[in-house]
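Letters A, B, C, D and E name the chains as they come in the text, with residue numbers starting at 1 for each one.
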Amino acid sequence: MSGKKIIIIGGGPAGLEAASHLARQNYQVTILEKESETGGHIKNDMTLFPDFADAQEVRKGLSDRANHPNIELKTGICINELVQEGNQWRIKSDNNEAITGDAVLLATGFEPFDARRKEELGYGIYNNIITSVDFETKLKEGKILTTEGNIPQRIAFLNCVGSRDEKTGNNYCSRVCCVNGVKLAISFKELYPAAEAYFFYIDMRMNGQQYEELYRTSQEKYGVTYIRGRISEAAATFDHKIQLKSEDTLAGLPLKLTVDMLVLLVGIESSKSTRLLAGQNNIRGNYGFAESLGVNRNDYQTTKEGLFLAGTCKRPLSFQETIADAGAAAIQIMDYLEKVK
Amino acid sequence: MNFDPLVIPFLAGTFFLLIVISVKYFNWIHKLDANQVAAIRKNIFSIHTIKAINEIFHESLLHRKIYRKNRLLGYMHMSLAFGWFLMIVVGKIESLFYYGSFYDRPWLGIFFKYFARTPHHYFMIIPFSFIMDLLLLVTLSGVVLAIFKRIRSRSLGIKKTTNHILLDRIALTSLWWIFPLRLLAESTTAQLTGNGSFLTGTVGMLMAHLPVEHIELPLWWAYSICIGVFFIAMPFSRYMHIPTEIVLILLRNWGAREGEQHSGYTDIQLNTCSRCGICIDACPLDFAAQINTVQPVYFIRDTRYNHLTQEVADNCLLCGRCVEACPVGLELTAIRQQVRQKAETPGKHYFEYNKARENTKKVDIVYFAGCMSHLTPSIIISMKEIFKQAGISYWFMDEEKGLCCGRPLRQQGYLQQSKELVLKNTQLIHSSGAKMLVTSCPICYHSFKEEYSLDIPVMHHSEYIDMLMNEKKLDLAPSDLEMVYHDPCELGRNCGMYDSPRHVLNKIGHLTPVESEKEKSLCCGGSISNMAIEYDVQSKIRNNALEVLTASQPDVLVTACPLCKKTFGQNGKVKVMDIAEIVAGNIKNRFPQII
Amino acid sequence: MAKIYDLLVKDVRFREGLTACMNCGICTASCPAAEFYDYDPRKICNLVQSKDEEKIVALLKSDTIWYCGQCMSCKTRCPRGNAPALVISVLRKLSQELGYFTESEKGRQQYAINRTIGENIVNIGYCVTVEKIVPKMHPEQGPVWDWYYQNAEEVVDRLGGNYMKEGPGALRIIPKESIDEIQKIFEVTGGTKLSNTIEHFSEDKANELEIPFNSAIEGNDYFNHVFTENSNQHQK
Amino acid sequence: MKDWGYKISIPRIIDLDRSDTSLYKQLVSKVPSAMKCIMCGACSATCTASNHTTFSFRHCHILFKRGQYSRLSDELDKCMLCGKCNLVCTQGVNTRAVISTMRLILSDMNNRNIAL
Amino acid sequence: MGMEIKKQYWNEYQKEIAQDDYFYERSCIRQTFFPGSEATFLNILRDELGKKIVDDPKIHTCTGIGYHSDIVPFDTTMTICARLFSLMNGAGLKNYVPSCVTSFGIFNEVLDTWKHYPEELEKTRVNLRKATGREFEVPDNIAHPSDIIYNFRKQLKLKMKYQLVNRKTGKPLKVVEHIGCHYSKIFAEKSIGGAEFPHVLAGMIEEWGGEVVDYPERRHCCGFGFRNYLVMANRGYSVANSKKKFESMKPYKPDFILTNCPGCAMFMDRWQYTIAEMEGTTYDENGKGIPVLTYEEMTGMLLGYNPWDIGMQVHQVQTESILDKIGIDYNPQDKYVGVSGMFLGEPEKPTNLVV
């Protein structure tokens, strides 16, 4: 029916999912992706929680569905301006290419917290302190080895790095680190059953289907040791291990532990482009995330007619939540395009 | 000629048996504890001894208990035991007639036919050999049944038979062979000498075409050897129960009971177990949870041979179904608790910290809800209501800062600690100045009755409510409730209280009897006595019991134990209430009803 | 009497030191005292924010609040921007004002500190000087210190000091004018009051414990008692 | 010898590099459900003994898990084994068995004079 | 490894440090235990860098130790600080330089309080007026002497006769730095390099040819803990914390420990002696202990000052080993000579610690 044109900024899960819905309703969709490939952060992932689905398979499914005559995909393109003109939207990219459309879907996703901002945890300063992102990459390569090339006999995961932390300005909970950490711990024990895995946490927020069960499996089947307490500092020892200090708040005693590798479960932060584009259109909310009309009123529209939001540009969301969110956003866009003549 | 080397195996066996048995018995009697000795001294020359002999005859020989439970099984045991017993006795009399002297060589009776080869010179031969053949036939029928039981136990009403150790198997085989061999041996002799009757004679004739004169001697040898082997194996095998049961029956009738510590009496009980395996079928762990290595038969065996594992010792609900089923009436629970005993620090006060407070006001009764009741507040509320309605003043002893009654510790073998609690509670109860102690928890109830020596009566609330009703202090409104009642192990089997609850419930609604109730009632699975099993197993036992209890689809399953209520409640498929709740909900002129 | 908690909130350092605590234990993890004493800043914050008067009073009477070494490591790391060490300072202040400090072994020590550091500040304008580090009371200072202590003026002055003399330089005599102003400041701002309070409650405690007490340090049994008493019951 | 007036304090920290947690493996092999504990503390809340003291199943359990045996024996003795904790435990932990087994393991260690 | 990240932190934590015209506040502990260090600092500023720095005889304690051992109320401390400020105002200066790290922390805390709670500032003004009739203005800039030396480390390098290099091996000396908790842990942004990877001492060491040794307990407190040292019964805690640090640094075989805080310098020196005497343990190979220097001593030493004029003889753990390694010639006879030129006799020898 309509030749209405929708511009989707961001070729991650949210962007692709929304695009494939819209395209199938005969809307013209342009996806703008800054990277050379679509897929967003799951490009880097080995598996997805809680069911250990093959991330690359899932990603392929996404991009296959988005491979549609009505969808035009532009990769390696960086947006530096997004403006509304009447009920048209114009986008300027860094190579000054102008693209216009009837509606825009902001699917600019998130950025993992930069662990270097937690100095006391020594990321980037000491060897064998890595983030969950690095860990996932190593998993994809099929082996987790220390800088010295050994199998870590003792590994520790630390929760809430860059989340629930006034000192980094992030008072919010990133929601996915708990379950993702459990997933990583299990994957590690799958690889090296003989090794010991410790998990430092404040609360285990297993707020999704099968999450709690996964948590329990990690304890019962894989023998992951959970210690309730936040690591206060990590330091390299003379023999290239990492010395950790925390309190075991359940025992009410300080605790010292030396490990071969420390994995920082970094939180979710708003992405640079979210901050930029949301800023330009005065929909920049807390912590630089884009702000919808309200989680309960309408979580997809913004104060700007025709500018829509989907996925983690709004707040931390799990993969499956993002997909659902994108679908819902697509419907909202269609409604909108029906109304505007 | 009245000696032949073939009697040597028999004699060897007999002497060996006599020596071993007397040594063992001497030790055991020697090791009896003070109370037991005192009891025996008191009753040995009294009517109790006559009672004992009577019981011995009925149980050891006729196996009346088993017979009552299961006729075929009863007959099997009787035919073997009593049949063989008579063959020995009658055989002796026969030889007495034949040789004219009572003090003649003891084996002559056993091998009578072999030695008494010239029958025709005395007239009693016909009746005697007829009787002997008859007895042999009876005994053989027992053997046949026994073998049949081994192959198809269910046909004799037994679901599972015991897995026996090698020694038992040897003894068993030799025992089985004694009688067929005797038949064959006697038959050959009968064929040669004509001293047989309807059985041996006939079988002899059937063997006519065989070279009987050559096979006679070997058969008698085999017969003698079997007896010898059986006698030698007996004191170390399950068959030790044959003589030992007699001793046990005597001691028991004289008032000896199992104590806290292992004693000679314990050894006697251990040796009285015939490993018949009847307890296996009685045990919920077996039929509900397929755990079949821990039942008394194995527990007693392992204890007797000193290779008891903690697993076996701990894995028991102490529900008492086995005690109720045991044909020789062993005090199985008492022995369990003995072996569970743990090391404790002598003189240490474990619960000094307790802040339990004494009663201050004047009251009729002390109410002790019990720890578990605090997890079923409805019971406590109901009891308060009942007291109110009946106008009873009470002191709620464990309302807060209460202590445990001490039974759980006792069950797990922490006697010293258990006693510490018993003392403290006793002191509190006595100081309260009340006339009676009422508890809502059968576990506490059992404990108060058995481990406490209180100077005031103790009642479980079901019993107490019954009393209030009889005293017309409580008037209940009938309803059309369809109810079934579950006998809690501790209240029913362990304290024998079956009628009060039923009496009360019948006043309120219609009480449908359930299969396996009262003595046979099933354990809810929640038993605090068993720490070896985990929740999944408990659930199996619970669900199995619920199947039986809810067969009639009642409106409500009533019990009289907070633990049973909680355990059954967890399943959620039927409404479970404590008797107190039902009562409180149906007191006349009161509304609204709780149900 | 005002609610203890309200008294706490009066102090800016308390408001600065404790917003909602999430019980992550990072303070305890980095706390030197937690490692050697039965001490857990997290529990203290949690207890205080519970506003349970009874518990807070018990806390003020306990050894617990006196374990902290005021190194402030907890402030650096707290993800909620709290500073347990500041909370401790306020608790200690209150414990002293209410006289609870004499109820605990570690609390009673305040007397000794008041008699040494406290008096030094108002009398000579230094917290410590060479002559105040008496080798007898400071065995760990070692032989070099003994030597230094005996030759204080010679050594200090060689090292560019101005030992107990007029004019600038290390360990000079602090002019009377300054001392007077210090003392005035102490009077005006409650420093003297606090000092007297400590003195007063300590004397009561000394009488209660029947330990001789006098205004001097030399031959003051109560001073020696609080200065050296150690029940060694400070670890669980 | 010089009188210092004090001794160098010993750390009371849980040192997972040194402390021996093997006994916990022993415990779990005997009472597998111990692993299901999520340290929610429902047991301690209902406990008859903790009505009178600070005794806490949860706390004993974590100390044992972390190899802090020296602090433990006296605590464990406070338990009355009444079994309320078993009933309230949402995870189906066989709490009494855990307590009892910990007691047995520890007393066994003491009997064999193995320093804890 | 990680150098670039550290640099990034250091750039984040750079504070403004006045270039000249300082008002110096002496430290009780510094004066008492290391008077030479303060003198050296003044000499360096005046003679080497030609800066103006006032050493006012009227100044006095900031009450820091009393405050942190809770016998001095916060109000009093604030007002005492106010008086010191007014002395600075009196000298017509705006840049306050407290010699003591505890004071540094106190002043930062006080200023921070005044910033967030102006009423407290007002209260203090009133108090000071009432007590002394004085008025005061808060300083424009507060810097610790170490900040200043850090700031001029490049200029100073040009004047230095020696480097932190082992003359025999040509290798840089391994130096452990200890920052002093109150320098950076209370207000990381008021320090150079922040609380986790402070650069103030590291910067000097690297600039002057040494190698900074990082070790697990680097950030741990020296154990002073105020009341935990002041009262004899508590000292077990104090020494135990230093011990923890020594054990942790031992495998790295440091040539010496450099400290920022007067207290830390003394404790890390004396506790090595105590541990040696109590337990017979030292943390170097030859039983002498690891020497501890103040940053002023280190600077003076490299500038070629006579080690016995800057106070390197008042350490219990002997410091000659450093002088020898660097190749600084010194006169042993001069070591125990007083201001009068008279030989004062030698200290006794400890039982275990080798001197």
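Heads up, the rule we're going with is that a contact is a pair of C-beta atoms (placed from the backbone, for glycine too) under 8 Å apart; a residue touches a chain by one contact, two chains touch by 3 or more.
Model, not experiment: these values are computed from the prediction.
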**Study point:** Topological distance between chain B and chain C, in contact steps
**Key:** 2
Point to revise | Innermost chain, taking as reference the mean of every protein Cα atom displayed | key: D
Point to revise | Pair of chains joined by more contacts [C-beta pairs], C-D or B-D | key: B-D
Practice item. Go ahead and note the Å separation of the Cα centroids belonging to chain C and chain D. Key: 36
Point to revise | chain D and chain E, separation of their C-alpha mean positions in angstrom | key: 46
Review point. So how far apart, in whole Å, are chain A and chain C when each is placed at the average of its C-alpha atoms?
Key: 49
Review point. If you look at chain C, which of its residues touch at least two other chains?
Key: 34-37, 76, 140, 228, 230
Review point. At which residue positions does chain D touch at least two other chains?
Key: 2, 4-6, 9-13
Review point. Touching two or more other chains, which residues of chain E qualify?
Key: 195, 219, 232-237, 239-240, 244, 274
Revision key, fill the gap. Chain pairs satisfying touch are A-C, A-D, A-E, B-D, C-D, C-E, D-E
Review point. Across the complex, what residues on chain C touch chain A?
Key: 22-31, 34-35, 40, 42-43, 76-81
Review point. For the complex, which residues does chain A have touching chain E?
Key: 116, 119-120, 122-127, 233, 235-238, 243
Check your understanding: Okay, in this complex, where on chain D does chain E touch?
Key -> 2, 4-11
Review point. For chain E, which residues are in contact with chain D within the complex?
Key: 232-237, 239-240, 243-244, 274-275, 277-279
**Study point:** Footprint of chain D on chain A - complex, ascending
**Key:** 198, 216, 219-220, 223, 228, 248, 250-258
